[in-house]
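Next, two complexes with subunit A in common: one pairs it with subunit B, the other with subunit C.
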Partner chain A sequence: MENIISIKDVTYTYPESKVSAINKLSLDIHRNEWLSIVGKNGSGKSTLAKLIDGLIESESGRIIVDGQEVNEQNIWNIRSKIGIVFQNPDHQFVGATVEDDVAFGLENQGMPRDEMVKQVDEALAMVDMQEYKTRDPQSLSGGQKQRVAIAGVLATKPSIIIMDESTSMLDPNGRRTVLNLVKQLRKQQDMTIISITHDIEETELSERIVVLKSGEVVQEADPKSIYNMGSELIKYGLEEPFSNQVASLLRDELKLPKGYLNEEELIQNIWKLSSKM
Partner chain B sequence: MNKLILGRYLPGDSIIYRLDPRGKFLITFYFIGIVFLANNVVSYGFLLLFVLFSVYISKINLGFFIKGLRPMLWLILFTVLLQLFFTPSNDPIWHWGIFTLSTDGMRIASYIFIRFVLIIFISTLLTLTTTPIEISDSIESILKPLKVIKFPVTQVALMLSIALRFVPLLIDETTKIMDAQRARGVDFGEGGLMHRIKSFVPILIPLFVSSFSIAYDLAIAMESRGYKDGEGRSKYRVLSWSRRDNIALAVMILITIILLFIRSY
Partner chain C sequence: MEIIFKNVTHSYEANSPLEGLGLDDVSLTIHDKKFTAIVGKTGSGKSTLVRHINALLKPTSGSIMVGDREITSETNNKNLKPLRKNVGMVFQFPESQLFEDTVEKDIMFGPMNFGMSESDAKESARKMIKLVGLEEDYLDKSPFDLSGGQMRRVAIAGVLASNPETIILDEPTAGLDPVGRKEIMDLFKNLQEQGRTVILITHNMDDVANYAEEMVVIHDAKVVASGKPKDIFNDNKLLKNDILTLPRSAVFAQKLAQREFSFPQLPITISELTTEIKRQVHGD
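Coming up: the complex of A and B.
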């Protein structure tokens, strides 16, 4: 598989801190992959996102995005390929109305107005927010704000979307809607998704999970193998998926198969057992 | 805080709403200028009629405009009373110590009162019918000539629109902080002056801190969306100047001519 982002031996230390937030980290991200980055607070997840976008500059190492190295000359080129949806929707709105905000990225590219109007409409249609076009962002709910933030990123047609804990402020319903939307868009537009989270349930949709701890990659595998680690996950500050917790409570009594079972598989297993009784 | 009518926008759709905001902005300032041309009963009456007519065609309830007067009430009362009792006259109706009441004083006081009403009504009309963002757009296009002297017009306009966009957010934030501090026993608006001032410290400090953190987050978000320095950007929002804006300007010229005529009459 082709790498869209490759990170080699990158180190970054915040000016006010003694410990490196990112410590000799190397990671390859493939084209069209859905990658989840998980880890405790302060494990360096968000710092990594900022490094990839060139919002902060690494001390050592190299980051290559779509064939271009992240540096002074390439930075705007690279930023036009990456869209980041941040954690707090309230803090990332620039526009006074929904449409203004979605248009912000396009205005920065100097796109002519007729084209912009079309793109903004398209992007809002993708997140199903057309009817809120002229609304003031303050009057929207959290999930709607997040959808507008995503529309703002989609309008610029990036090839990589980084979701930096962008569902952490949503209720379960809003989270599901946003994730399904991203899933669908990835298929349609052939995008690479990097999702940063500390919620293990959210990683189920991804193809690969990278676990960070104190700025280093400590685990890297597909979701099933990560979930198979069971209670060992706690070491990295992660919780076991809910179905795992249920399975481990029932395992001895019901003789469930070993390893990770998702909700559906767990239900099937319990169903089979109860029909045998 | 919700009682403040000054600077608030009321959604609506009348001819005044459909005027170009640049024109409205300039007309409002021009009108405030020509209010000072009025010097007799007829000219003040004429201007008052014009303002009331504008309020009428804006289809906004007069009550909103009267509410707009409220925050200025003390200033109006103070100025009017000062004019009423301290206008020197040879033929006073009533005289006591330093206070003099005369017909001249009464006339000037009522002129001042009408002048206040005119200025406040017309500026309330501007803010009620124009969204803050339209106002900042018009300021940008009015300031555009200043680019010649290297004044950073686009940056100032962006700053202005971000500031406007953050007003409701910061009001929400303030209410939240006040409630949180109240829950912990801070009493706002009680006790002596010093005590009241002190009780605002637990609001102001968190508010400043959160404003800084919002500003940081926003700057990062803007940069990640490709914002460089305001140059080479296109504009999504466009203002369009139409025939009715020309008519509005013509009306203003007509009013000036009539006013100059009445004034010297």
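Coming up: the complex of A and C.
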């Protein structure tokens, strides 16, 4: 598998802080992969995203993005390949209207006006916000702002999307819509998705989960193996998948099999018991 | 304090081409000392609703009674301090409002603004930092050296430090890890059990089922339902029209219901769900 991002021995310490936020971390991210990064608040997830995008500079180690090292010389080239949607959408608005805001990234790429208008409309349609196009972003609700921020990133067609808790303000249906959209775009446009999340159910869509603790990678596996860790997940600030929680409460009394059961498997097991086959 | 909305309408950018309704003829009672959850889709009017309770927004028509204080379109901005002292509001991403150079000063700012003496405010800061789950030595740190989750706790401590009777929380746990979220939700439940009114805006239906006694559903700027969570989550009309999503336990029960299980009322918490599964498997 080809690596689109390669992180080697990277350390970063915030100014005036005694402990490193990222500590000799190494991680390869494959092209077209959907990778979830999970861990407690303060475990280094967002710091890692900022390092990849060159928003902050590592004190040691190297980060290679699509064949180029993240440094002053390459930074603009690298940033044009990466779209980040942050957790708090208030921090990312620059335009006076929703459409200006979405257009901002495209203007930076020097796109001709006709084409830009078309792409902005498309991106707003994808997140179901066309009718708000002439509104002031500040007049929108938190969840609507988050959708606009997502549209702004999608419009630039980046090859890597980093979603930093970027569905946290959406209602459950809105969240599903956005995740499905990302899933579809990944296929169509060969994108790599890095999703930073606390929502264990959201990680089900990914191919690999990396668990961070104190700036280090402490676990790295496919979702099923991670879910198999059961209540151990709590020490990384995570929650057990819901089907696990239900299974734990029923296991002894209903003699359910050991290990992780996804929702469908659990329902099958319970159903077999009740129909007394 | 009981909070009563009477025919409250709020228009945004009134008399302009962009005029829109934030609230449309809302009448609603939020009961004293209860834990009330407010739910609804993105942009449905939840934040607009609660901002009327401490007069950050004023109604275009109608009135809000907060205890014996009435808020109407005529209410002027003088003398709002007593109201705002009693109605503490934790906004979305409250950490973005931290500004002092130490955590202690940040927590003390609210109470001193409402007239508390410096020494009382210091004492309050000491109590509150522990209440939100941080050690006392955080008081001397700069808020900007803390992680997002820690900053959130400091911001919440700052609102609690004025000892408000009513606490309004606008998605207070968005972006917190699940362990942190549970701690903060338990804290709010505790505060309510000690005699405060808690109003929570959330998208997390499990939190509604686990913590709230009352629930209000907002859709397109109107209140479309209010009552006990168990009854509302069993209201077929709301579910069919895609106005409301269910807690995970109820969704799981719906799936079992397709295979020989039957739930006269959908369970809304995990303990209700597993109790009912055991009962049905054992064939009672």
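Just so it is clear, the second predicted complex is superposed on the first by the 274 of 277 C-alpha atoms of A that agree within 3 Å, B and C clash if a C-alpha of one lies under 4 Å from a C-alpha of the other, contacts with A are read in each partner's own complex, and residues count from 1 in each chain.
Simple rule for what comes next: a contact is a pair of C-beta atoms (placed from the backbone, for glycine too) under 8 Å apart; a residue touches a chain by one contact, two chains touch by 3 or more.
Computed from a predicted structure; not experimentally measured.
With the C-alpha superposition on subunit A as described, subunit C and subunit B clash in the combined arrangement. Look at A:L212: by the touch rule set out above, it reaches neither subunit B nor subunit C.
After overlaying the two complexes on the shared chain, residue contacts for A:G152 are found with subunit B alone; subunit C is out of touch. By the touch criterion stated above, A:E16 is placed in contact with subunit C alone, subunit B being left untouched. In the superposition on chain A, A:D90 contacts both subunit B and subunit C. In the superposition on chain A, A:A103 makes contact with subunit B only, while subunit C stays out of contact range. By the touch criterion stated above, A:V246 is placed in contact with subunit C alone, subunit B being left untouched.
In the superposed pair of complexes, A:I270 makes contact with subunit C only, with no contact to subunit B. Partner contacting the larger number of subunit A residues, of subunit B and subunit C: C.
Once chain A of one complex is fitted onto chain A of the other, the partner contacts of A:N41 are limited to subunit C, with no touch recorded for subunit B.
Working note: subunit C versus subunit B after chain A overlay, options 78-86, 132-140 or 222-230, clashing stretch identified as 78-86. 88, 90-91 are the residues of subunit A that lie in the contact sets of both subunit B and subunit C, per the superposition on chain A.
Every residue of subunit A that touches subunit B in the complex is listed here, in rising order: 50, 53, 55, 76, 79-80, 82-84, 86, 88, 90-97, 99-100, 103-113, 116-117, 120, 136-138, 152-153, 156.
Chain contact summary for the complex, subunit B toward subunit A: residues 131-133, 161-162, 164-165, 168-169, 172, 213-214, 217-218, 220-228, 232-238.
Listing the residues of subunit C that touch subunit A in their complex gives 12-13, 18, 40-43, 46-47, 92-93, 96, 142, 145, 147-150, 171, 174-181, 203, 205, 242, 245, 248-249, 252, 255-256, 259-261, 270-271, 273-274, 277-278, 280-281, 283. Those residues of subunit A that touch subunit C in the complex are listed here as 14, 16-17, 39-42, 46, 87-88, 90-91, 134-135, 139-144, 146-147, 165, 168-174, 198, 200, 234, 237-239, 242-243, 245-246, 249-250, 253-254, 263, 267, 270-271, 273-276.
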